[in-house]
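What follows is chain A paired twice: with chain B in the first complex and chain C in the second.
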Partner chain A sequence: MADSDVGGRTVSNRRLIEAAILLVLVLLPLGSGRLFSDFYIALTLRILIFGILMLGFDLLAGYCGLVSFGHAMFFGTGAYVAALSWRYLSDSVWVGMLLGLGLNAVIGYVLGLLVVRTRTVYFIFLTFAFSQFFFVTANSWRLIGGTDGLTGIPAPTLVPGISLGDRIPFYYFSLGMLTIAYWVARRIVNSHFGRVLRGIHQNEERVKFLGYNSPLLIRRVFLISGLFGSVSGTLMACFQPFVPPSYYHLSLSGEFVMMGLLGGMGTLVGPLMGTAIVIFLGDFLSTWLKEAWMLCLGGLYVVCVLFSPEGLTEIISKLSATRLLSKLFGRGDRHTSGN
Partner chain B sequence: MTFSTLMTVLLYGVTIGATYTLIASGLSIVFGVMGVLNFAHGSFVMLGAYTGFTIVRLTGNFWLAFAIAPLIIALLGGIVEKLMVSRLYGKDIPSTLFLTFGLSMVFSNAVLLLWGGSSYSIQLPSYFRGFINLFGIYYPKFRLFVLIFSCVLVGVMWLFLSRSRWGLPIRAGLFDLETVEAFGINIYRVFSILFIVCSAIAAVAGVIIGAMRSINPMMDLDLINVALIVIVIGGLGSFKGALIGSLILGLAEAFGAQAAPGFAKFTTWLIMAGVLLLRPKGLFSEH
Partner chain C sequence: MLLRTENISLNIGGLQILRDLNLEIAEGKITSIIGPNGAGKTTLFNVITGRMSPTRGQVWFKDKNIVGLSPFRIARLGIARSFQITNIFERMSVFENVCIAAQTNFPYRSSIFSQVSKDVATSRKAEEILELIGLEQMKNRRARELSHGDQRRLEMGMSLAIEPVFLMLDEPTSGMSPAETAATIDLIRSVGEKVTICLIEHKMNLVMTVSDKLIVLNLGGKITEGSPEEVASDERVQKIYLGTA
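On to the complex of A and B.
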């Protein structure tokens, strides 16, 4: 597959749009309270937080082709570990984040050894089964709150003096984390490792014949993908001062799959768009349709699976409303099923 | 644990296991034959329970609910199959899972809109209430009925699959669809019928569970969860696997609740993990 990512106008165009989006996100808090209510900052924050996880999800599901139906386990672990560390150890956000990353690295390594034995449906089952274990544990373990979860989590500090309980520092912290995550994910995708992952998605046998140890690479991307989820969970524990066991729930894992599919997997930008759509549309629909909004979201999702399996990025690139967009979401670094 | 407690727990476990079989076998066979992982199967159970609940409340007749709820859900299943699932035949299995996951979202929220979020229970006729003395063991009358009825239904399903003219293409389809088609059998019609029948059986299970336990808008996730665990234990696409898996799960739940209350879910998970480690494709996988 031609990789037009290396040099050429596509990249410079994409850089331009990335920079523009980043600029908008950086300037967004300035308009808060003047142009729109503070509520939209909270909404954007949710997108930033889940966006980090979705980048990791895309590395695994979109690039390597292994859809995880239990990604909430990394998210939940990141949230629980961070919340516990802020309560009992230190109020530094870094301590919580590193501990979460550490535990998730162990989980990702151990489970990676097991899930790597399976593909497609069985991979979905295994990831589902393991996340189920975490849900059951969190739900019945009194020490970490049982069914109530952890409540009244103290707000962590970025550096002594700057509390992340304040909206603005937390916004920029999350934005910074997402930017780093995006940069890392983009580096991975464009690396040799990333190209081999795409190869595994298309034809694992051939990748093996070329001498690559594909199970090792799958384990590696599974672990990396989990680390993205961990950071996301840590930030969520900071955003909302409670961690319920539902952070491990199947329905959350399902929502991640939905975000990925709606946006279009294997593009990095797609899952981010999917996250934004699900969160913004969810808010919009819930004000307009009251309780019926989830029904409409589910319906939209069904329509998307039936008529545009490649997600919204595909629709946009098909419509080619603007050449710029189509170049951004176009052939650049996607690997559709065509082989 | 005395002998009579042991027998009581055993009975409870087998009863629950038999109900689970009704749910899990449909999921498993639809997957095995059609290549469709129907996440909305739990929603069919839930919708069956709610439909049955409404019928009982309107007419006061339990048997009417038992007869009509499955018909309504069968119709719904038929519509879902014709309009949506049939478009994905031959595509990859995960996309069928994604589609039906979206559908389950639609269904559970439709239930929330129509019936609200509170928990209900299907009213039983007076002769099903209370306990019966079974050789010294006091057992709820309705559960005894459920046990017998489920066993009969499972038996009929098994006979249908293994002995009837219709069961043959289904069993053959588990192994090689193309050959079945080559024999001049319209597999898409088999698919439709299979999907409809499995939806109806799910609705029967829904009415049973709605009367035995309770109905709430979250039950679809709980039940699909159970059915998926059963399938992981028993192996995809195997009727025998669904039966054994359900019994294991039902017994584990009953004994887990007896031995260590609050950890019942752990026992089921431990069994699942054990099976996955020793036999990653389940005990009786046909694939």
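On to the complex of A and C.
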């Protein structure tokens, strides 16, 4: 039973698979242009970038049980702030990233004070309303490009001499960021804080009567979750040299929710899988089906819900042919200690 | 006196649920609150633990008025409670349920930087509690898979794991088999040697053997109080409560 497994076997298996996936991702650019076109590197990059945001999304929605329908606000802010700093301040990627993190920390702190008063559907509405505010502001504020957004953003440098406008350095930079984000998220999940988060998800009242200030902890995870989104937005501003107001749009926030639900939340790995599926499938299907691909995604989602309310990770862990994967995606860490 | 209520009244929508309650809980003793269904026993617990605010009155805990404090602050003062309807983390393992309570004793209780896998102190405390409540065999089972009686014991274990000064138990043996009830009585007795306990109970034999003092409530008001013998011989009590039991 993976369910209540608190032992070391599952963990070491997971480490093995994590290392294997990392190795594949590290080697991937070598095949580009030989085994497959550079287009697939670009597609993978989108997964790496959105994956960072989805890890944060999972901490909030999957572990703490608060589904945000406005996560695009952190993403958009991370993108806008970085783009502006690269244009006007410094071409260092770090300056843009830190400024984005700084502003998003303020946003996460202030909005956290407000959203913490709500739960469930009201939380969804409130986060949606706030991100809509950002969308309208970005859309109408001339100084940051209004409807056109920011265009012609200069490529930042990693260190003087290494431009992130070049595909290969940027790929490894993004992979590095995702790896760090995954490591951080995993540590948070396995911390004492992470344990209390799962407690809040299952029974907030009990958590309070044990002596935990649950609103404070919810504000904390909301802020942290926003910081993951910020890094993701900054990387996106680097990947595509323009930042449109649609980075704040509801449809993007909705896509995050979809990615999370598809992969199975509260596992960290699930939302990453969901991201990969939505991006790959979205790309293939949209060439054939144009606008209707979203419908297909919706269909896939319905199938998921019918067969397993916990998303693809659960379906996979049910298939005996994929024992190995089930070790990786074992729902154990969702309900028990994790490690 | 460890805890004292002063003229606690609670009105909800024109109904007076608690009436001018003046109660005293002596340190180191086991005090039981009895009374018929709907007497206001659980509501009194809710007022003391911050789940509800009284319309009037004060609750003094070690000479500090705790009315108006949120439940988590009251819990941190050392007041632990269990609920009439079992209140646990159903999808966590039994061990995790106890750990999440036990880790509150340490400064890193909700730290982002500490790792639970390296936290020997919490694990040791949790093992100790599991042994005390007799659930060490069930350690890795999910809480929702336990029998009703075991879940009630688990909840009591969680309350004990926060190392309270004052333990409030709302019908800890409800729905338990006679054997489980007997084991729980023993547990309450042994815990009562170190911790002040306040108990809500319907099982009269349990109440009579385990309590140092009884408080009888009816319709939100205090009828009488005293030692089990005094209360048992009280006419009003026999009429409203013991007579129907």
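Assume the second predicted complex is superposed on the first by the 316 of 339 C-alpha atoms of A that agree within 3 Å, B and C clash if a C-alpha of one lies under 4 Å from a C-alpha of the other, contacts with A are read in each partner's own complex, and residues count from 1 in each chain.
Throughout what follows, contacts are C-beta pairs under 8 Å (C-beta built on N, C-alpha and C of every residue); 3 or more make two chains touch, one makes a residue touch a chain.
Keep in mind it's a predicted model, so treat the numbers as computed, not measured.
A.B. asks: Would you check which partner chain A:250 touches, where first means chain B only, second means chain C only, and both and neither mean what they say?
C.D. replies: A:250: touches chain B, not chain C.
A.B. asks: By the touch definition at the top of the document, which applies to A:203: first (chain B), second (chain C), both, or neither?
C.D. replies: second
A.B. asks: After lining up the shared chain so the two structures overlap, which partner does A:193 touch, if you call chain B first and chain C second: first, second, both or neither?
C.D. replies: After superposition on chain A, A:193 lies in contact with chain C alone.
A.B. asks: Applying the touch criterion given at the start, work out whether A:183 contacts chain B, chain C, both or neither, answering first, second, both or neither.
C.D. replies: Neither: A:183 stays clear of chain B and chain C.
A.B. asks: Looking at A:294, would you say it contacts chain B, chain C, both, or neither? Reply first, second, both or neither.
C.D. replies: first
A.B. asks: Of the two partner chains, chain B (first) and chain C (second), which one does A:132 touch, if any: first, second, both, or neither?
C.D. replies: first
A.B. asks: A:122 in the overlay: touching chain B, chain C, both, or neither? Say first, second, both or neither.
C.D. replies: Only chain B is touched by A:122; chain C is not.
A.B. asks: Could you list which residues of chain A make contact with chain B in one structure and with chain C in the other?
C.D. replies: Touching chain B in the first complex and chain C in the second, no residue of chain A appears in both lists.
A.B. asks: Quick one: in the complex, what on chain A touches chain B?
C.D. replies: Against chain B, chain A makes touches at 67, 69, 114, 117-118, 120-122, 124-126, 128-129, 132-133, 136, 139-140, 250-251, 254, 257-258, 261, 291-292, 294-295, 297-299, 301-302, 304-306, 309.
A.B. asks: Provide the residue numbers of chain C that touch chain A in the complex, in ascending order.
C.D. replies: Touching chain A from chain C are residues 49, 51, 70-72, 75-76, 80-81, 87-93, 95-96, 99-101, 103-104, 108-117, 119, 140-142, 158, 162.
A.B. asks: Which of the residues in chain B end up touching chain A in this complex?
C.D. replies: Residue positions touching the partner: 37, 84, 87-88, 91-95, 97-99, 101-106, 108-110, 112-113, 221, 225, 228-229, 231-232, 236, 262-263, 265-266, 269, 272-273, 276-277, 280-281.
A.B. asks: Any idea which chain A residues touch chain C in the complex?
C.D. replies: Touch list, chain A to chain C: 3-6, 187-188, 190-196, 198-199, 202-203, 205-214, 217, 220, 224, 334-339.
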